[in-house]
Amino acid sequence: MSDIVQEFNDYRQKMNDKLLADNNKIIKRIFNLDTNAYMEGALDVKTKELLGLVASAVLRCDDCVKYHLETCYKEGLNKEEVMEALSIATLVGGTIVVPHLRRAYEFWEALEEKGQGE
Amino acid sequence: MSDIVQEFNDYRQKMNDKLLADNNKIIKRIFNLDTNAYMEGALDVKTKELLGLVASAVLRCDDCVKYHLETCYKEGLNKEEVMEALSIATLVGGTIVVPHLRRAYEFWEALEEKGQGE
Amino acid sequence: MSDIVQEFNDYRQKMNDKLLADNNKIIKRIFNLDTNAYMEGALDVKTKELLGLVASAVLRCDDCVKYHLETCYKEGLNKEEVMEALSIATLVGGTIVVPHLRRAYEFWEALEEKGQGE
Amino acid sequence: MSDIVQEFNDYRQKMNDKLLADNNKIIKRIFNLDTNAYMEGALDVKTKELLGLVASAVLRCDDCVKYHLETCYKEGLNKEEVMEALSIATLVGGTIVVPHLRRAYEFWEALEEKGQGE
Amino acid sequence: MSDIVQEFNDYRQKMNDKLLADNNKIIKRIFNLDTNAYMEGALDVKTKELLGLVASAVLRCDDCVKYHLETCYKEGLNKEEVMEALSIATLVGGTIVVPHLRRAYEFWEALEEKGQGE
Amino acid sequence: MSDIVQEFNDYRQKMNDKLLADNNKIIKRIFNLDTNAYMEGALDVKTKELLGLVASAVLRCDDCVKYHLETCYKEGLNKEEVMEALSIATLVGGTIVVPHLRRAYEFWEALEEKGQGE
């Protein structure tokens, strides 16, 4: 099967590099903020990643969901925790979140498969 | 041509099965509610499917639109009725709905083609 | 109690008059389309008003919900039918629709009270 | 000053009672799900309340934000934790979240004032 | 009549002061970005304010619309230009933008009245 | 590489033709309004196209963004101006706009490549 995790990361990295090489300061600073916002503070990194995941899911942004799923996976969150967060997103955001839930589930499976192969 | 109806249904079914085999009760119950909400009640099934279609269209969820288009088709609603519902969605939701309208129209045509071949 | 129906209609009418007296053709034509879209066609007026109501509810526009509730009421739709339409909106749009559902219910009660007093 | 916490809770309770006394099963079951989704599971209640808060904030639902702020307060989350969650919501959801952030801050202050007076 | 411009500015200023006195760095930096983004660059200030106005209108954020209307007014944009921008917002965002258009029109009138009184 | 500009235009044209050949008057008139709204008026065409671009970006409609990027390109707007408009969209709409920004950047590059080849 095609590696949907690698594919997502490659495109994301390539275009982020271009955006950052471009001279728009506002965009650069938003990217910078995006890194800082998820660092440990009053809340730990795991909680913040779940917050990012749920925010992305209710706003129905597949790429944002994928990004946070990957970080959640790297931070050691398990499937049950991630699914519980996504169930809240589906309840708050409604059944229009369901198609994104299907794709999120598929991406999480790909992350787990990839993880086992390492 | 590729069968966009079959492709949509296959992926949807495969991932729904996985989500339901997973142990999250909230998600299971949302799926269950989703089945009940469109059953005949004070309003008939056709009207409810059109409501689901318009809700999906203004929220710009292509997969939700496809699902309700297929159910509308099976319930015997005709193209003119469906397009009238979608025209209200486009007026209420604005021109950003138009790209979804293009994909909805293509999907409806595929449903009709498939229906004639049966 | 204050008459929330009258209050809503008065403000709406006053500002619509101003917008239409202003010289912007695009806005005038959108207003005109808005009148035509809900007229009887392949679908009857009741169905169309329910479609407008559900579209307004999932997009969480209180004023749009109020407007369509009033038209639904005038068209003779009953509370059970309207609530069924709104239940679909709440399922599709999620629990963030609930605060709008509370206000919709209050407005419908005001419409019924007003109707009985006539 | 007027008690914005009490005012919010009174209206919410009054209308929820009416909605639940009404006979729509879908709405009743969504209300029921809403209670269950935030109970302790793989994730603890505090984390889930923060997820509900952030979902509500990015979807810009003032009443939902107020509800979750109150539950966060009762669960013993402190202002710094809540503000960190809201800062992620503002980054993900953009500056259009800022007006809701202002009202959220005001509501949190009211919760703290009320708490000290008890 | 009550001064809706003053009322809006007073509340906004009071709560912004509180948010900035609070110690959340992400929020402070978003506020800072918000100031920089509308400064003259490749595009002039008037164009940028219209962009902010239209973004606010299609996202249906009344407070954001009011803020940009006031800046547009101060920058010397006239009513016809502002209405043309808002007509694009209404077309792109659909008739659910109309209630916000009514409030925007009322706010613009208040700005003009206030301006004449100075 | 595949020509993403041509691909987009071909599908868009094909489906728009079908929608306009269909007999729904509301949809036809919305299409017609869409042409008129971006014509020179109190605001010039360049400004209006930037307004359309920003409205599309904050509402996260990739196809609408592509359409306005192409018109911006044809109207002679340069990359710096377009990126500045998109930076405002990203600030107002939040980091969920970033994936759309990546795709917008890629599309603009394709427009420039194509333009040089002419």
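In this document, chain identifiers A, B, C, D, E and F correspond to the written order of the chains, with residue numbering beginning at 1 in each.
Keep in mind that, in the parts below, contacts are C-beta pairs under 8 Å (C-beta built on N, C-alpha and C of every residue); 3 or more make two chains touch, one makes a residue touch a chain.
In this text, all values refer to a predicted model and were calculated from it rather than measured experimentally.
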Neighbouring chains shared between chain A and chain B, ordered by label: C, D, E, F
Contacts common to chain B and chain F (chain labels): A, C, D, E
Reference interface A-B: repeating pair among B-F, A-E or A-C with over half of contacts shared: B-F
Cα-superposition angle relating the copies chain E and chain D, to nearest 5°: 120
Chain whose average C-alpha position is farthest from chain D's own: F
Shared interface numbering between chain E and chain A [over half = same, under half = different]: same
Far-end chain from chain A, centres as C-alpha averages: C
Interchain centroid distance [CA atoms averaged], chain C/chain F, Å: 32
Centroid distance [mean C-alpha coordinates] between chain D and chain C, Å: 27
Euclidean distance of C-alpha centroids - chain D vs chain F, Å: 37
Shared-contact residues (touching 2 or more other chains) in chain E: 26, 30, 33-34, 37, 55-56, 58-59, 64, 80, 83-84, 87-88, 90-93, 95-96
Arrangement of touching chains [line / ring / star / complete / other]: complete
Touching residues on chain D, where the partner in the complex is chain C: 11-12, 15-16, 18-19, 22-24, 26-27, 30-31, 34, 55-56, 59, 61-64
Complex contact set, residues of chain E against chain F: 33-34, 37-38, 41-43, 47-48, 50-52, 54-56, 58-59, 64, 78, 80-81, 83-85, 87-89, 91-93
Footprint of chain E on chain A - complex, ascending: 25-26, 29-30, 33, 36-37
Sites on chain D touched by chain F in the complex: 58, 90-97
For the chain C and chain D complex, residues of the former touching the latter: 60, 79-80, 83-84, 86-88, 90-91, 95-96, 98-99, 101-103, 105-106, 109
